[in-house]
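Heads up, there are several structures right after this.
Note that chain A is present in both complexes that follow, paired respectively with chain B and with chain C.
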Partner chain A sequence: MDALVAQHLLNWLVLGSIYTLVALGFSLLFGVLDVIHFSHGDVSMAAPFVALAVIQAVTVTLVPDGGTATLILAILAATLVVGLFGVLVDWLVIRRFRAAPAMMALVATVALGTVVRELIRTLYPQGSNPKPFPALTTEVLRLGEVAVPVFSLIVIFVSVATVAALFWLLNRTPVGLRIRAVAEDRAVARLMAIRPDRIFAITFFIASAIGAVGAVFFASHAGVVRFDFGVQLGLIGFSAAVIGGLGSMQGAILGSLLIAGVDTTVQMTIPDGASYRLVFIFALVILVLVLKPSGVLGKPVFEKV
Partner chain B sequence: MANHELSLAQPRPATGPDLAIVAGVQLGGAALLGAFLLGEKTAVVVALLAVMGAIFALLQLRPGLEERIVSAFRAQRRPALALGVGIVLAYPFFMQGSSYALHLLVIALLYSVLALALNFQLGSANIPNFATGASYGIGAYTSALLALNFGVSFWLTLPVAAVVATIFGFLLGFPSMRTRESYLALVTIAFGIVVHQLLNNFSWTGGPNGLVGIPAPTIFGHSFAQPIEVLGFRLPSQANFYYLSAALVALSILSAKRLHDSRVGLAWNALRADPLAARCQGIDVVWYKMLAFGVDAFLAAFAGTIYAFYVSYISPDNFTFLVSVTIMTMVIVGGMDNTLGVILGAFLLTLLPEKLRIFADYRLLFVGVIVILFLILRPQGLFPQRPRHYGGPQ
Partner chain C sequence: MLEMERVNTSYGTVPMLREVSLRVGEGEMVCLLGPNGAGKSTTFNAICGLLRAESGQVRIAGRDVRDCGTEALASLGVGFVPEGRRLFPTLTVRENLRLAFDAARAPALEFAAQIEKMAQLFPRIRERLDQRSGTMSGGEQAMVALARALIGEPRLVVMDEPSLGLSPKLIDEYFQIVARIRDQGKAVLLIEQNAETALSIAERGYLLVRGRIALQGASADLLRDDTIRHMYL
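Presenting the complex of A and B:
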């Protein structure tokens, strides 16, 4: 029984890490740009496909069996490409809604999500079908009775490292200072010789690249990827960011762990839990928002005249 | 009635041009829609899309044109209404017996109802709601379950489904007391997903397979599954549902108009302008917000019931999050708080994907791109909301 609990604990941390990587993007973009980038999940989900394409290209042209090295190269390439894709998406579409009401940007990014999904589906050969995604590693460590997949450890380690790097970047570097300045007050930041447009592009790159890592882990965890996986991942990531408190990085982590906790608990305790997991996750979302209307760590909103 | 005398004192504008404009716009619109519905060749559909694009470009460049048309309609309200009703009644006779064209019309009309329902919230009061699809589903499932399990007639399930959906609507409105904007949007998204997942998992809703074999309604012994035969004309059975949904759209327009002109509509508009100021004016913000959720669910359930009896087969996938998003897009593309614009948005977004089938695999891509372009190029919607008109001469 203890072994089972440990297994679920590990599962919880893996899911929580994956959700965190996606939720951070939502929270960061909202905090800096005041925009809900609803297609963030779909943009991130482009990463596994880029990775698959890179693996294909490498195995065909260079080394027939690159193994792990190819996979790591592919993931790095996918992270970079998707980061730039995020910047492109902002430049093409989202920046045109900076001054528009929030609902317009929301609907525009929802439509953008459809476009991204359909692009993946039509551009990737036989894109409508699920694609097997190679596991990073299938090795398993045995700690007593508990079987610990090395993959889980990698996911947790990389996520913690990414979050640490993000916090370091935001709080300890000149770029982070500029990002925080723009988030605080766009106009005043401009007076301080900061170019908001450049900061927005950097923010989009960071958010999309982190999301890309999350999506690759998600695909690797599931062992399969389909063009529309981004919808659910995006919804869960968005929910995590919102119940944690939009704009708060700690909130995004907390929200992700909460949702992943419900996810694993339901699957563990309820018979047929896998089909009811979304019901419980989103019931939790409603409950949290009824009790804490601006998320757990969100700043309470005061109405001003 | 000083205002009235004032308007009489001025020389009356000639009614001739006004009537010609009204008739031209209505008949032209009907002809364009008909050609679009019946057009099958790629070139024809593309050409018609180009014509529509040109019309809207013209309206965009010459705002005076729109003003002229609106004032003509205002001056000739009764003839315009009579002609409109006439066109709607006669329309199926011009569809060359095409059941596909009629089917598209029925679906477009049902989506018009859904978009009008959401418009009370999004358009009038600026409350985001991503759960209209869920209310639509609750209505459809309630009536279908009643009809299948208890043999309740269609006409009785209609109000029952509406009441059930309204109760859920009020429940959904409950969190709106405290949450706002993006947070409220997420509550409605979550509600929609929970409803969809439950419909998908319960055994008594048929699970992912849904409910099959919902009987067609009958009226005065005439089954809606039968074709209509009038004066030697034979209309496909879809025509029954065409008239039914058209009646529902008319009801929705009427209630939209009455609500807009009432204290409720005024309160909603005040909420949209500034919730805090509205509260200071003594408007019960929470009640009006919840009322908006209730009205939305009520109308959506009507549409859901008609849909269930029309296609006689419903499954959870008819009521997903993406359906709610589509309804939301219809309202925003059409023009918030503008009844005609919202209906046009619903027609456009229902017919466009169907007609773009000629682009086969790329159709959803096109629809997405068109929606984004629309939001960038004409953010106020096809027909922007009009300032309130408090009687008296303009």
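Presenting the complex of A and C:
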């Protein structure tokens, strides 16, 4: 295989994996709670900052040069914290709009996204500036002419494992059965002794924790993180979920791979493509929405509105 | 088993139920009749606590529904067949039944044995256990909805127009099964528009008209009543 094509495929899979981890949350939250949680990208992007703070705390108090072990610990802690942050978001904000028209929750979460970003900016020391984010690993495997960063393999592997775990949880476990029941019919779920608010909290934890992993990979991939990176990641993740079909997990994956495909292709084939990538990505989003408003794999959810 | 006492509800500012009282005794089968829009499903929702009563009280097995909450009713021994069946359509038949079984929290029961029991009551369910319930025919869905209400061995079953949309032949079959449930000593509240069928298997009945109980009595008396004859027969 042509080395350049192989590199291209690898980039595509890495970006596709990162976008998938964010898009899944949008789709899951929409499917279960019927809300578009527009601040999902910003909530997720809190994770790299939590990770940085943990690294800081560990290196100052325990080991001066924690290395990879510290980074992994920091990422796990950030995943947990952001998962709980998602639960808090639901409890503080989203819960108020359970019975309200979808538009109200949407507007509230758009506002919430700004609040989250500004909180990161003010709470984190010199929060307006980009922060270098440590690489998980800089090792590179050489397969013939193709250079394969180990980081890429980790991103792809963790994403595939996360997706598999999510599917297993939803389709094979008692709590997954309850999540699906609440997604379909909250009122009848209550007759089956299921408390929807608990299911919503669990769903928010899962979605936010998965998004946190995506955001950490995003930061690690870029090498830096800034308080407002969640806007772009959120927009891309949301768009991926929408073109795949909001509410469909398979759709979120497909949409992410589509967008990542356009993303990498533009960056590779068009001179100075990196500057235009968002134009092409969102042109694709518009195109899909014109051709199939419910998304590629979606049920026609928007027709009743 | 079920007591509703002077319950009032409104949708926004529009009053719906007015001073509705009804009771279903242990092992008794009672029907609630009424034309479209009379407030029958509103009554169902008030009974299961999905709709809050403004005043009045609903007690099931001696417990105030407002205090114990909708989620506790299954474990108090109540099975529900909501209007339009409301199965979880993308869940399989087995999953639908599993949720209801777990909700009953009856440690003495075993899921496999209960499934077997339901399959004997509704032979058509047996081969369909792993089919998504939304892909089944209306008649099959009606049977699954009833099995879902029964799988936890409830002492009271509340059904809201369970036979709606079934063919006349299936309606007969359906009510034979409902009669069997009655004969097992379960209390049943059957909400129906089809007065003749309902009164033929229930011991007593209530007639709901525009949110009020307009008439109540033994089935035989109601069958002879002019209002009911005029409205239905």
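Assorted remarks:
The criterion applied here is as follows: the second predicted complex is superposed on the first by the 299 of 305 C-alpha atoms of A that agree within 3 Å, B and C clash if a C-alpha of one lies under 4 Å from a C-alpha of the other, contacts with A are read in each partner's own complex, and residues count from 1 in each chain.
Heads up, the rule we're going with is that a residue touches a chain if its C-beta (ideal position, glycine included) is under 8 Å from a C-beta of that chain, and two chains touch if they have at least 3 such contacts.
No experiment lies behind these values; they were computed from the predicted model shown.
When the shared chain is aligned, chain C comes close enough to touch A:A181, but chain B does not. By the touch criterion defined above, A:L106 reaches chain B but does not reach chain C.
Judged by the touch definition given at the top, the superposed model places A:R190 against chain C, while chain B stays out of reach. When the two structures are aligned on the shared chain, A:A3 is found in touch with neither chain B nor chain C. Only residues 48, 50, 70-75, 80, 82, 86, 88-91, 95, 98-100, 102-103, 105 of chain C touch chain A when the two sit together in their complex. For chain B in complex with chain A, the residues that touch the partner chain are 122, 126, 128, 174-175, 178-183, 185-187, 189-191, 193-194, 197-198, 200-201, 275-277, 321, 325, 328-329, 332, 361-362, 364-365, 367-369, 371-372, 375-376, 379. Contacts from chain A toward chain C in the complex involve residues 174, 177-178, 180-181, 184-185, 187-195. Interface residues of chain A facing chain B in the complex, by the touch rule stated above, are 30, 36, 93, 96-97, 100, 102-104, 106-108, 110-112, 114-115, 118-119, 121-122, 231, 235, 238-239, 242, 246, 272, 275-276, 278-279, 282-283, 285-286, 289-290, 293-295, 301, 303-305.
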